[in-house]
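For reference, the structures are reproduced in the following blocks.
The following pair of complexes shares a single chain, chain A, combined with chain B in the former and chain C in the latter.
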Partner chain A sequence: MAVDMRLPTVKSPPVSVLDRKDLVVPGDVITSDTGFMRGHGTYVDEDKLTASVAGKVQRVDKLICVRPLKTRFNGEVGDVVVGRITEVQQKRWKVETNSRLDSVLLLSSVNLPGGELRRRSAEDELTMREYLHEGDLISAEVQSVFSDGALSLHTRSLKYGKLGQGVLVQLSPSLIKRQKTHFHNLPCGASIILGNNGFVWLYPTPGQQEEEAGGFYTSLEPVSLSDREVISRLRNCLLALAAHKMLLYDTSVLYCYESSLQHQVKDVLKPEVMEEIVMLTQQKLLEQES
Partner chain B sequence: MAGLELLSDQGYRLDGRKAAELRKVQARMGVFAQADGSAYLEQGNTKALAVVYGPHEMRGSRSRALHDRAVINCQYSMATFSTAERKRRPHGDRKSTEMSLHLKQTFEAAVMTQLFPRSQIDIYVKILQSDGGNYSVCVNAATLAVINAGIPMRDYVCACTVGFVDETPLADLCYAEESGGVSSLALALLPRGGQIALLQMDARLHQDHLESLIEAAMTACKGVSKVLDEVVRQHLQEASVLTRE
Partner chain C sequence: MPTDTKRVRGPEVSQSPVLFGCRPAAVLPSHGPRADGRQRDQADVRPVFVRCGLVSQANGSAYMEAGSTKLMCCVYGPRETERKDETDMKCGRLTTDMRLAPFSCPVRGSWIQGTQDKDLSLMLYESLQPAVCLQKYPRSQIEVSVMVLENSGSVLAHAVTCASLALADAGIEMYDLVLGCSLCQDAGSYVVDPTYAEETSCGSGGGLTVAFLPSLNQISGLQSDGEMSEETLTAGVRTCIEGCYKLYPVIQQALIQALRRAAPPPSES
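Entry: the complex of A and B
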């Protein structure tokens, strides 16, 4: 077995140690002017607006918020999420979505097999576990946000529903770029769901026949070796982009995939290769912009 | 007094420090990718690793959930190799349960739990090498981890142990001093407001000396907070340079 070793590298000191005014730490007074409104990440202590998290100050008119570098997912209506079922309750599923509380998927907000306008009977309640049981992965959209911050999801569209064979990559939610669509069929032969909650699902591009079952059909056909290789390469590319804090969207993922083609799939995870392909990706993105 | 002289006539301690001098503090934030927040902190030869998960849904017993704020769950443990004598330390022995409870009380005073109703925040701290002041090193490491996780706090929590020898308070005790029969006091402080999050003393001390001892502890805590502040700001700079914002 080949063993790969590298010496510990010295972390390079930051390029510019400027004292940036917009970066605050907990306890820092942002302003003592009472004319401002208190947003997320701040609190009022003796009439002074004080930061409660470490991050960047954002000011919109009179509202001041502090955005931390890294947090859990704060869902908004319309966000696409990928999540895992943790519990089956009466008339609802509980879904783990990297949020502060588990999200809720109501029985009335899923498409059951057999038509859109079917009544949900007591029988459906009893057979809920047949549709989705604990541990299943789903893709869904945020329908509403409860007062305590928990999310209510829905899968009332054929593009949402249970996920079959593929690979889940868990990343930080702040790395996902908000876009019109988060479902992409990449030209390299695989498809990707970039969940706003930082969960990314990679799967072989489906054929046409599975549209009928309303999102509950999962194909158990073996996936060809070439497809699996493409998916593994995409996964490693995602990890490389995330390690360098690059925003993830279809173009950046695709460019990264293209720049990684000269390396073996497993080599993409090596730090020096990661750095190289991320540099190439950045270059391609810049060229495309200009 | 034990055989060792804890404070020499010239005013130096066993390891060559002055009475009010702290040990060297080194720290790093974000050492694990999977956890929500993590930090590693060395204070002299005491080394601790802290990991934070949450806020997330209550796991285990749902009944412990509070409808108006988050529950903080702390777990303190020591590595088998952390002390001079190698020893297996089973989970939940009396010493570590007590320490977990103290950590929990400390962080309940600082973390703004009321923002996360019905959820839970896990703080796990492990001592990798023990050379005195375990509680304070744990608190300092956990503070960095909580900040790294982006959980709102009123202020940093900084902790320090202080001992009392020959009418002089000694800041940041090491193991040799701690085991030398000094009456010591552990204090966790929110430095900006000067509020005390936890104060603990198991030894005997004359009432008249208490005030000066607390005063010395607060000064030491403020010293620690300066170092932590530098670490956090450095980390912020580096991370924001990476994201090119």
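Entry: the complex of A and C
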């Protein structure tokens, strides 16, 4: 087996337009002017607005926030998330969604097989583990946010539900661009769910949907080699984009996929190839904009 | 039991080689400049090297070197508390775990956490806890674990600094960074940021470790042992604070550098 080895290279300092003024560390005084409002990541100490997280200062009119660059997912109502079931409890599932607290999926907010208006009986509570058990991946939408910041999810649509065969890529939530839809059937033969929580799910585009199953049906048919290759390539492209801090949305992923076609799937992860592909993607995105 | 004649058997009783090794000069000069050329009675701290983000698995991490004291800190969380029996769920829980690696001291220790490690963990907790905005993290826990790779004196003080840096790197809300500085008193004068040899040689004199919030100008933790008069204690605290201020720009720079490396994508607005 050929092994790719390389010598350590000097990392070129990342080109960054941010200067020292934008970045603050906890305890830094942002302003002592009382005319500003206190946003996230700040606190007021004797009329001085002080940062409480390390991050970038953002000003919107009179509101000053500090956005931490490395953060967990702060969910909002309507966000699409991909998560993993960690616990089955009374009438609820606990879901790990990369947020500070585990999210909750209530039994009453899922579509059970057998129609929308089905009454939930005690029997359903007992068979909860049959629908979703620990370790299952689901896609869901944030229904509400509790006062302590925990999320309540729902899967009351046929597009949400249990995820079957595919690949999960875990990235930073700040890299996902908020869009109208986070479900995309890419023309390259695979589908993608860009979860707002930074979890991205890649799966072969399903053929005919079996609707009666209500989101709990998972296809176990073998996936063809070509589909698997496409998915692996997409995964490597996502990692390349994330390594260069590019925003992820359908167009950027697709352009990156197209630019990577001249390389082998495994080569996409090599740093120099990664850089080249990302450059090409950026160029394409710029061309498309203008 | 039959003896194996082919095998070289060691002596019945064995001694640790440490006993035979020549000890470093036990008597350190108690006047004039210190062994490493620093001045006495001044906030003369050792130069430090700090970097953030060396452990990819952790949410935040930091590595710190001061002289040859080397330590690393990882922060995991905030994540949901495992223990549900706590009645007070309004604010988060901070747990600290500080360990000295077995090879960190001149005399080998064990992997099992000893009483010294537990004391250090507790003092680390008390120094960090006032600085973290725990009320912002209901029902969550934040785990801080510090591993001392080489103990060359003032471990606790540097652990505090390193841990606060790792917490900031993890994006946890804090009122301020926490900086630590320690001093040791021997024979009328004191040495700031003592080395291991200095720490052990001045057994009778007192030791003092201060955790300080520089921009709030508050002390979050103070630990002192040995004999010390009131005046020397106050003077010592003041000197430690001075030492903390010397560290402050270095720590800020390290954090800014880490932030810049993780620069966000250009925000589309």
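Throughout what follows, the second predicted complex is superposed on the first by the 281 of 290 C-alpha atoms of A that agree within 3 Å, B and C clash if a C-alpha of one lies under 4 Å from a C-alpha of the other, contacts with A are read in each partner's own complex, and residues count from 1 in each chain.
Everything below uses one rule, namely that contacts are C-beta pairs under 8 Å (C-beta built on N, C-alpha and C of every residue); 3 or more make two chains touch, one makes a residue touch a chain.
The structure presented is a predicted model; accordingly, all values stated were derived computationally and were not measured.
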Combined model on chain A where chain B meets chain C, clash or fit: clash
Partner chain(s) touched by A:Arg72 [first = chain B, second = chain C, both, neither]: both
First (chain B), second (chain C), both or neither touched by A:Lys177: second
Which superposed partner A:Val25 touches (first chain B, second chain C, both, neither): both
Partner chain in contact with A:Asp102 - chain B first, chain C second, else both or neither: both
Which of chain B and chain C A:Leu285 touches, first, second, both or neither: neither
Which superposed partner A:Val53 touches (first chain B, second chain C, both, neither): both
Residues of chain A contacting chain B in one complex and chain C in the other: 14, 16, 18, 20, 23, 25-27, 41, 43, 45, 52-56, 68-72, 100-102, 148-149, 245
Complex contacts: residues of chain B adjacent to chain A: 30, 34, 36-37, 54-57, 112, 116-119, 147-156, 190-193, 229, 232-243, 245
Sites on chain A touched by chain B in the complex: 14-18, 20, 23, 25-27, 41, 43, 45, 52-56, 68-72, 86, 94, 96, 100-102, 148-149, 170, 244-245
List of chain A residues in touch with chain C within their complex: 14, 16, 18, 20, 23, 25-29, 41, 43, 45, 50, 52-56, 67-72, 100-102, 148-150, 174-175, 177, 245-247
Complex contact set, residues of chain C against chain A: 59-60, 78-80, 89, 131, 133, 137-140, 168-177, 213-216, 251-252, 255-256, 258-265, 268
